[in-house]
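Below is a structure I'd like to ask you about.
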Amino acid sequence: MHNVSLPEHLQAVAITKRYGGVCALNAASFSLRAGEVHALMGENGAGKSTLARILAGSTPADGGSISLDGAPVRIASPLDAQRLGIGIVYQELDLFPHLTLAENIVIGNLHFPEGQWIAPSRMRAFCAPFLDQVGLHMDPFLPAAALSIGQRQLLVIARALSMDARILLLDEPTSSLFDDAAERLFALIATLKSRGVSIVYVSHKMDEIFRICDRATVLRDGATAGTVEVPHTTPAELIRLMVGRELQLAPRGMSSPASRNSEEPLLTASNLCTAKLKNVSFDLYRGEVLGIAGLVGSGRSALGAALTGMDRITSGTLTHAGAIGLLPEDRRLQGLMMRMSVLENATLAVLGRLSRFGWIRRQEEQSELAPVMRRLALTCPSLAAPVSQLSGGNQQKVLLARWLLRNPAILFLDDPTRGIDIAAKQDIYRLIQELAAVGTGLILVSSELPELLRCCDRILVLHEGRLAARFAAAEATQEKIMNAATNVAANAAQPC
Amino acid sequence: APAGVPTGDPPKRQFVVAFSQANNAEPYRAAQNAFLTKLLAAQPDLKLVISDAQQDNSKQVAQVETFIRQKPDLLIVAPNERAALTAVMGQAMEAKIPVICLERDILQPNYTSYVHSDNVAIGRLAGQFIVDQLTKKYGKPRGNVVAMRGLLGVEGEINRDRGAREILDRYPEIKIVADPVADWIQAKAKDRMTEVLRAQPRIDVVYGHNDPMAIGAYLAAKELGREKEMSFVGVDGLGGTAGGIRKVLDGILAATFVYPLCVDKAAEIALRLLHDPGFRPEKEYLLQSVMVTAANAASMYETYSIPGML
Amino acid sequence: MLMLHLPPLKKAQRLVALAALLLLAVLISPTAADGSRIFLQAGNLTDILRQVSLIGIISLSMTFVILTGGIDLSVGSILAFSTAVAAMFLTRGYTTHMAVAIAAAVAASTLAGLLNGVVIATTGIQPFIVTLASMIGVRGLAKWLTSNQNIDIGFGRDLAAEFAAAFREKAVVIGAYALAAAVSWTVLARTVFGRHVRAVGDNEKAALYAGLPIRSTKIAAYLLSGLFTGCAGVLYAAENHQGNPNAGVAYELDAIAAVVIGGTRLSGGQGSISGTIIGTLIMGVLTNMLRLNNVDSNVEMMIKAVIIVLAVAVQRERNTN
Amino acid sequence: MLMLHLPPLKKAQRLVALAALLLLAVLISPTAADGSRIFLQAGNLTDILRQVSLIGIISLSMTFVILTGGIDLSVGSILAFSTAVAAMFLTRGYTTHMAVAIAAAVAASTLAGLLNGVVIATTGIQPFIVTLASMIGVRGLAKWLTSNQNIDIGFGRDLAAEFAAAFREKAVVIGAYALAAAVSWTVLARTVFGRHVRAVGDNEKAALYAGLPIRSTKIAAYLLSGLFTGCAGVLYAAENHQGNPNAGVAYELDAIAAVVIGGTRLSGGQGSISGTIIGTLIMGVLTNMLRLNNVDSNVEMMIKAVIIVLAVAVQRERNTN
């Protein structure tokens, strides 16, 4: 596939953006051809989202120029971008929780011309096909707050589709999507591409890049490290461009399940029911990594909420030996105190131990954190920097540090690698292994099947709040898990 | 007849007197309420209900409206502001409820009787007292006066100020060197007086438009050790330990001027109206102020202190 | 259709709080000479409506302001300003048409609201501070303008008196409130502006990303607050027969209370006009009930405190299930 | 060391606002007979400190409340309640030790704060509503307790007079403020509680996931508010020689203004004690400056409005860069 002859559709040259002392983009350049899917890659904090936001008109650039089909354009606001045919799915999933799904789609949407008056029936008619395309089969007049994070991701994709863009910027659109929803998106992308829509695809998921992208541009420290034709490159090459060195992918290590049968389980759930779960039963043993798979909204997060007492258990029993820690799936909303420092965020859950009569022992606070930071390879300008200034990967590590300091017997990790770059992912995988090795019981929720297969000893599959299947790591395959998650097996079992 | 049921007389009628008070936060108003309660408690056939408008015209109009729904036998109104209450007091009259208006003239004579005092006259009395004080001090009317003003725009503030200035303006050597606004409030008067004391090296008299402000000014002067340099004059002359008369007795105020509570007269009219169908009260009763100085403070304290009050 | 984002149950709970209070008011109402319950007399019920109308109108526009994530502390002062301007025009021969006086008062108030909005939208200073400043400043302006005096409106046959006679009518006042409520409901529920108001308060960053006119939406909300408060000021002037630069002290608290009791989130994005109306009525019925029973004013305050908390608790209790 | 989350520049900007105001105050200060600037007299400077001390103390604890994402509208009423209780104990022979009277007043106020906190933390009703209710209710209680009367503290040799003489001393009042400021700073900066306060206000959901004691943190913040306000009430009683159930009206606005002018976010999570102190001083210097120059009280209000906005704008201007 040599597309060299194709004209450059969109060209951004020498884009620069500073945030205070941080240089988010440093003369980065990027070009997009008509009808291609172009991956934008780079480590956390490389500047991908910043570039996407500048192209979408929601962040003003400090310098550089953008041209469309050879003519220079000024994109000073999101509406300018819309008029130029540029649509975007933001990484942060910023939507309006108290507006309805339909309102979230039509608000500020130039392709849904409204006068001053609202017409609900027209809104419904306009939104229905897009909600259908992304597979969000819900009442369009439900508030967005009722959606799980994965469903929110589908909603913002539906909004972007409704804008009928010639250029679509997708900033980690599958970070919380499970395989079937992701598949649906890939199909959508193929359709759009065939219609001549150009797509910028930001992702940390290497397999996706190789499946759907034509070219890839890699950003490193705010500058363009290179653009490659995807069919002519390898993951290793891309990683080298991203991190500037070869990255040793850690091999999978298994805990030894041999001793398990002789041992008491760390945690036993039998017939657990909550508002969102039905009759879930399982055991967790010392040193085990238990994976949880399931579609968007299948109740994976609900399981964490049940185990940690956030949701009321309506029937069934839960016994566990030792404290349960929960790393929440949404680090911005449920995890971090954005205005507080790295240090303060990390030690928040263990202040009891780091204080005497209510006084914080600041020396010990720092000295306890230091080894954990090294273990996590957490980098930050200073311990006193507010976490809002950190990249996504490092923010996640701060949260992990909070739980490592706490050192619970059982740790529930809800999608810990969401939106995290390859290097950081490796750090987290390594950490999971280390924790398991010292006997911590781990429950790992992930939207990426390869990740589950790589890290877990056993995998449970949830479907609509029920346990649909359980596999030992050795016998699990992506296909088997997908079948269970989509309930194909159950349907097949029904005599017709 | 069964035992316990009085024979002969029909059961005695129970009268309800409603009192719409502008607010119960000022000591003067609180004293009015307490005094009226005391006076009417002596009447077994009479029930007094009091509402508190918290210095808000709309609240007071609403409260009078609610009273009209209840059809009391008599309504006493101490209007927060005159124009605001005029119409609703007219409604009460139309509903055949006798209305006694206290202290503030309203725009139309929508009352059965109007009981009041005269703030301009009080201001003049205070002004004359100040002139006499200064003359005694310097041999002729000269000196520096500080006027501590209440909430601007309120009738009492305007007229107590006007009356005093009428007198003081006749003497070119008497200067009003500062007239800060303390909104009737003692704590504010103390702060405002502190600033005046910083700026004014010599002050002879402080004229507070009410006693609490005069006392606040005294506290400020005392803090700077200058309370002996000047004398303090107030208005209101309430009885009780917290009142101005007591402060004259204690030698803190040189004088205070009794602003009559008016409720004693109102109670007198009310009782006669209720008990004597033939009684036609005067349309207006003007009550005189009394000057309280060290000379008569002890006896005035007896007269104006309401038993059971502080 | 409207307020689709509010689960229908919530509205019902709000009505439950009001209904419970009404029931209590009926039960404990004193009786008139003819044995009827005074609370239920048509005259008393319309009294309540008239008495809440001014705060009611202000709390309608306050709902918009709070929905954008703001607050307007200056309404009491703006009301006073409006009464003063209206009375000055009416009594000082500036005009011979009462419409001109009304327009002047409303325009002046709207301008004050506009100023609030422009400062908030362009400087990004917290609305609490900006409107606190204008609460102080506009009060000073009103008092300075009138030299601290009330401007009385007489009962004669002049322009001012005719104005007062026309606009203090119960039907006119209640009608004005009803009209303002209908307009507010429609604007919030049915117009794109209303949606923008809710969106800006819900998630300002998302509003920025969606290219919504954040500034003009905010400015319009404060302008509306000035406009409605100006109208309330005109009614106040008629009802109280005066322009009063000291009027409306602490009205902002009453208006905000009605909004919040009505279920609107103080941090913005979630709320409804119907809730605010119910909140306003709860406060009005409560006051009337306690006054009708001649509760001692200090005890009244204590009871009020408890009932306010209970009324809001009733709404929440079932929510959380 | 402390307030690591605030960029150091911000603090400097706050000081710039105060410094600019001080400079202005010096420049326009009237001169005394000896040609010295009255504003700069030691007496005047300490006057300012004494005058801001009460609101200053209240705004310190208000900072904690606002940091948790709450607000306390009841402080004015609680102050009045405290003055009333103190004066009752002092003048009615309940005790012969002034410490008992002080303890009673402070305990009563703390209890009121505790009640606020418990209702807010357990029912989840918005703090604005709960403390608005207790603003009304506690005022009613204080007035009911004293039958609306001021309780006078004389100048004799009795217990009450001795109390007033001791606690109205400028040095004592300013000292109390300084002590409260030091305690507040330390608690917010150095203790687990202080950190929890900021964490809860920053992200309550995250605090829940991190297993922080959200309820007890909130309760403690309102309790602290009651405690500090109670102490301010004791000082008020001494300074004004009276227990006054009508004291402290609108103090909540002054206290909140000081906090917000000091750079604390009204929605919680970000702010500092040093900022609040500067905010308090800005308001105090501003008032003193205008009063010393005998500015007409209405014009004073207008100027104040403008300067408040400017003082906050100075802090923001450089922020956004």
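Details
So that you can tell them apart, the chains are marked A, B, C and D in the order they are listed, and the count of residues begins at 1 in each.
In this text, a residue touches a chain if its C-beta (ideal position, glycine included) is under 8 Å from a C-beta of that chain, and two chains touch if they have at least 3 such contacts.
Computed from a predicted model, the values in this text were never measured in an experiment.
The chains that touch subunit A as well as subunit D are C. Spacing of subunit C relative to subunit D, judged by their CA centroids, is 29 angstrom.
Work out the mean CA point of subunit A and of subunit B, and you get 72 Å between them. If you average the Cα atoms of subunit B and of subunit C, the two centres end up 33 Å apart.
Residues of subunit C in contact with at least two other chains: 143, 148, 250, 296-297. Each of residues 24, 152 in subunit B touches at least two other chains. The chain pairs satisfying the stated touch condition come to A-C, A-D, B-C, B-D, C-D. On the subunit D side of its complex with subunit B, the touching residues are 30, 32-33, 38, 41, 43-44, 47, 51, 143, 147-152, 154-155, 168, 170, 236, 239-242, 244, 246-247, 288, 291-292, 294, 297-298.
Subunit D makes touch with subunit C in their complex at residues 73, 119, 123-126, 128-130, 132-134, 136-141, 143-144, 148, 250, 253, 256-257, 260-261, 265-267, 296-302, 304-306, 308-309, 312-313, 316, 320.
Within the complex formed with subunit D, the subunit B residues making contact are 24-27, 30, 33-34, 152, 178, 180-181, 186-187, 190-192, 194-195, 198-199, 201, 212, 215-216, 219, 223-224, 240-242, 246, 250, 252, 309-310. Residue ranges on subunit B touching subunit C, taken from their complex, read 24, 49-52, 55-58, 61-63, 65-66, 69-71, 81-84, 86-87, 107-108, 151-154, 158. Across the interface of their complex, subunit C is touched by residues 56-58, 77-79, 81-82, 90, 92, 94-100, 103, 107-108, 114-118, 120, 141, 143, 145 of subunit A.
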